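Below is one structure. I have some questions about it.
Per-chain numbering from 1; labels A, B, C and D assigned in written order.
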């Protein structure tokens, strides 16, 4: 580490996750954005990919990953899963630290193999990784060499599942229906994400049991239960064993750029004498996130616009006495708290900055 | 009934449901659109409310309800719930028949009072009503004096719930998460539906147990079970007693004009030796709707664009063995199969026309 | 020609123009949709490309162009410019007639070479072509072997320019600013048309003098002047010489699926004693299109929603006395009157059917 | 002026302009947001109107205008035209300074009466006003008691017109076609701005000569000519006499939340020997805004997404030699550089802060 500002590099800087990192890192008072990486835009200036950054850091040109890693103290990887693990290995070998937005270091070796169908490419590095859901892993992150920043769907669903698990309200299965904006599918042109195919359209995809984020959400729920058993349901441990939790997660894509809203429904097992009410569940979710600067909990049902452009999460809860279902709702900006904002939040904690440094607390409305 | 074409009137013709009725009735070969009603546009020509109908039926001007009823053999009511029952009573007293798109004649007197908080205003007319979900009540509709056309959310969810109930796969509760386009909220200006508040926004509203369509969906499921016991799970009876069914229905509004997609998840009670698979569930849904001209079932997950502008429903199914959840998906156009299309479909059967007369089988893409 | 229904084939049936043709031709009472062509979907059923047509004509599978031409009496070409001329030549050589939605037969050989940068590939066929802007070329179309159906931008702008030219109000130059929905760019995935790049975005492209549709618009204006000199400004001749007209046409893409609105502004040369007013210009536009079943003219400014899903055009006019500018506005559905609707309209006239057969007069709102 | 941070109040804080002011002022290092005003939300907390600000400044409640003015050193008025002038008078009488986002102090008394149809309500205060288009009036603003912040359409069109006027390229008339997002129409529910009426719709409104922003644009052009005659075309004087300029300004509303793009076309009078080219015009626009930190000029045509969420303007130019038209394009965020951003920029210059303090330089993409 140098004495001056930390030199940050961004791999995958021509994707949406990368743009969000660049936006935040250029305004981070403790960071110099040293290098940006992209194969598609190699050699071109930042504004070639990002017209909205025209005139800012016009000195920056996209470089290859070797040069980005060489120029950086910390490497943010906004690169595809599978392709990222070798880059992480390379960066660590060069003595750099990593904030990884890909899925490559989020799961245990066993879970990775189960959901991705092949062995983890760098299992020796997994012990270095800390899961970057800051609200639940804050104490583990300082000094982490790999911050494994959570996926966008997983973040929204996990923030809803965790307080239920902590309160013993998680039933046999949690139904996590998630609505997600189109930017979650990335920037590459594709038929189904073409404007004319996607506007005025809504559709489920990868129904329950088939989306890999399921493993992340279940792991968070399981870690909460394990931490609860240890006495503090908000001090999760990335690598501790945990109790299985079942989540039926079905994402739906809806015609908007940004935003995710997770509606998690479950029927507590011991529903009976102590039947929870909307008020009690709302109270326990509020208590669970007390002191978390990026989480709002309130009686109003969340909406994605309230968090679009920001790095915050908005939660609420509801109990349907008729059916015994407890619902928790969580809205985030998939590119904010669901990606770049959360990555910088994790970086801040890992590197000793105030947690919300350079983050967006307000977003914009409309 | 006259010898020539049936004279149809539309009350509430300046709302979205009314526009859809006008569009279909002007092209119906057995109908003359005789009169259109609207208080807001009283005395003005059709195109004052509907620029897209400029030049068509320029003879028509909006009239008050008395005049519309007087001029019609059949009165389509696309008027608000509560305000409609008296109009239906008036029309029936004048010897007319009614297709009612409001909620006023969809529930039993007891269920109405439970969900609306006051006694039904015209319980004496309830026995005249036949529930207009044609696929399930087709045999009941010929000659009906009141066709109680289902609500849009209820249609999508019910079409998904019914085959599950018929196959004995409906568990203790069905979680019905529904995404709906904005036109479902009607045409009246409102803060939350303002373009700048609604574009780039998605949000749940009326969470499980609070939306009145819940009663409709549960009634359909219960009627299927009762019909199943009688030996034909597709010959439902509007007024027969039925077994209770629990549905946790949570609608979400998403930024598109048209379309509803229902994702219904349930855990069959007797999951075990005969664990269903995606293929078996898909097969039974396909079989359940065999012969229904407006229902498509297939392995592709539905999307709203595939039915926007049409009067069709698109269904699929999926089984998650890990969690024991069976999912059925149903997409409709909330203003087509969810409103005007279904009303005209019900009218066709009630009045002896071919079921799809004047309906839209293709919609448009994109 | 057979004695029964005309056998129609559609080349490029997996594109948006092709879908619109299929939708209209399946409901055309004088036509059998005999074959559909697509290289991308070769061998697959219609619904593989078009989920909204699931269940309709499930017998149809995409074929190669040879088979489509062989199976058809009339071939609709919704294929890319440049690639279409050889297909037209092939069809004509086989004794078939053609409705061409590409740009290949819209311009004279000289204009084609000027705007496309190379000689026309089949100049010998140009004399067969009739420009399919039916309102202005109706008398020329019966029996035409090639109907050269106009481009979407050109249709909107030309319908606005023509009555100005006919009234002698077209000044030295007409400024044609056009807003167009995204489907005008076709269905192929592309970076700039990706939902997340295009939603919440508006931008000009191909500014004045660089878009090839300019040549079409100028030709229409010039033909009107020539026809005016011959005594009937609505009986245009595709191949007659015409007086030059200057149009500065700048298209802008805006975030919606369908629709074009052209705002044409010009300063009449002889503005002075006989300064036109909004009323007089509105009157002359109304008169110019009197009797055209697909054109509405009125004092309300047009909006794209009023024509979306329909095959109609909506026009209005305005005069700004301060600046001497006369404005004419024209809204169409780029895929309706701007593409498939117009092509079928041209086909109807060319083949002796009533002009609006199988066309959409109502569209849908919202 | 106090010794500590400047106490700022925002009137109309529950509208979109007000929200943008609150967002920027809470992060302004030289400002304390002291009070917020709203009649509709009187007594309620900030988050009642603005869910995206939940948790920030939860101490703030909406107050009436008297209390806001009393609590502030500077009052930002994001209130309707007509209603604002008396509030400005009240604030000035109380010794406060004002940044006015309404139209009340933008025009001369004569122009105001011409375009608004009645005499200016406080002509005695007009000499206090300085027009807050900072790029052109920067030298006039320090110490101003009233900063009259320009309208959103006027800002986009004026930034395009000014360099043309400065270069002597403005012809007899400039055609200003403007596309604007829906938030420009304000937050009040209205029929035409209802999501279902506005999504998938584009339409012109207030065609050339009827929109009051015309007067602002023409005044800017005229002031540039007057300043040019004085020797510096970027040092405009709010109250100096100026030469008439004609602009045919037609706004079009398009279905997006934010953003304006102005396409200004004109035919230089002395087109001939010194015919401009795209390169020369681009060069002179670039030179004109050299040193302006919020204006980008480049060869790529602007797009609204590049400036959405930011306080910047993006310009380009094009020359069509065929028609002699010179085009300048300008994109802004109507709520950023078109409203709150520009108001804070003007405040910064008026109060001695660095011009871009608290402004958004990056926006967000997508």
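Quick notes on this one:
Methods note: a residue touches a chain if its C-beta (ideal position, glycine included) is under 8 Å from a C-beta of that chain, and two chains touch if they have at least 3 such contacts.
These figures come from a predicted structure and were not determined experimentally.
By number of C-beta pairs in contact, C-D leads when A-D and C-D are compared. Ranked by distance of CA centroids from chain B, the top chain is D.
Measuring from the averaged C-alpha position of chain A to that of chain C gives a distance of 47 Å. Note on chain placement: the centre of chain A and the centre of chain D lie 37 Å apart, centres being C-alpha means.
Centre-to-centre separation of chain C and chain D, using mean CA positions: 39 Å.
Residue positions of chain B with contacts to 2 or more other chains are 16, 181, 183, 196-197, 199-200, 255-258, 303, 305, 308, 366. Viewed as a network of touching protein chains, the structure reduces to a complete graph with every chain in contact with every other.
Residues 16, 19-20, 23, 26-27, 50-56, 183, 199-200, 257-258, 296, 298, 300, 303, 305-310, 312, 314, 335, 361-366 of chain A are the ones touching chain D in the complex.
Those residues of chain C whose C-beta lies close enough to touch chain A in the complex are 16, 181-183, 185, 187-191, 193-200, 255-257.
Chain C contributes residues 172-173, 175, 177, 179, 181, 196-197, 199-205, 207-210, 246-248, 250, 252, 254-259, 261, 263, 265, 267, 301-305, 308, 318, 320-325, 327, 329, 331, 366 to its touches with chain D in the complex.
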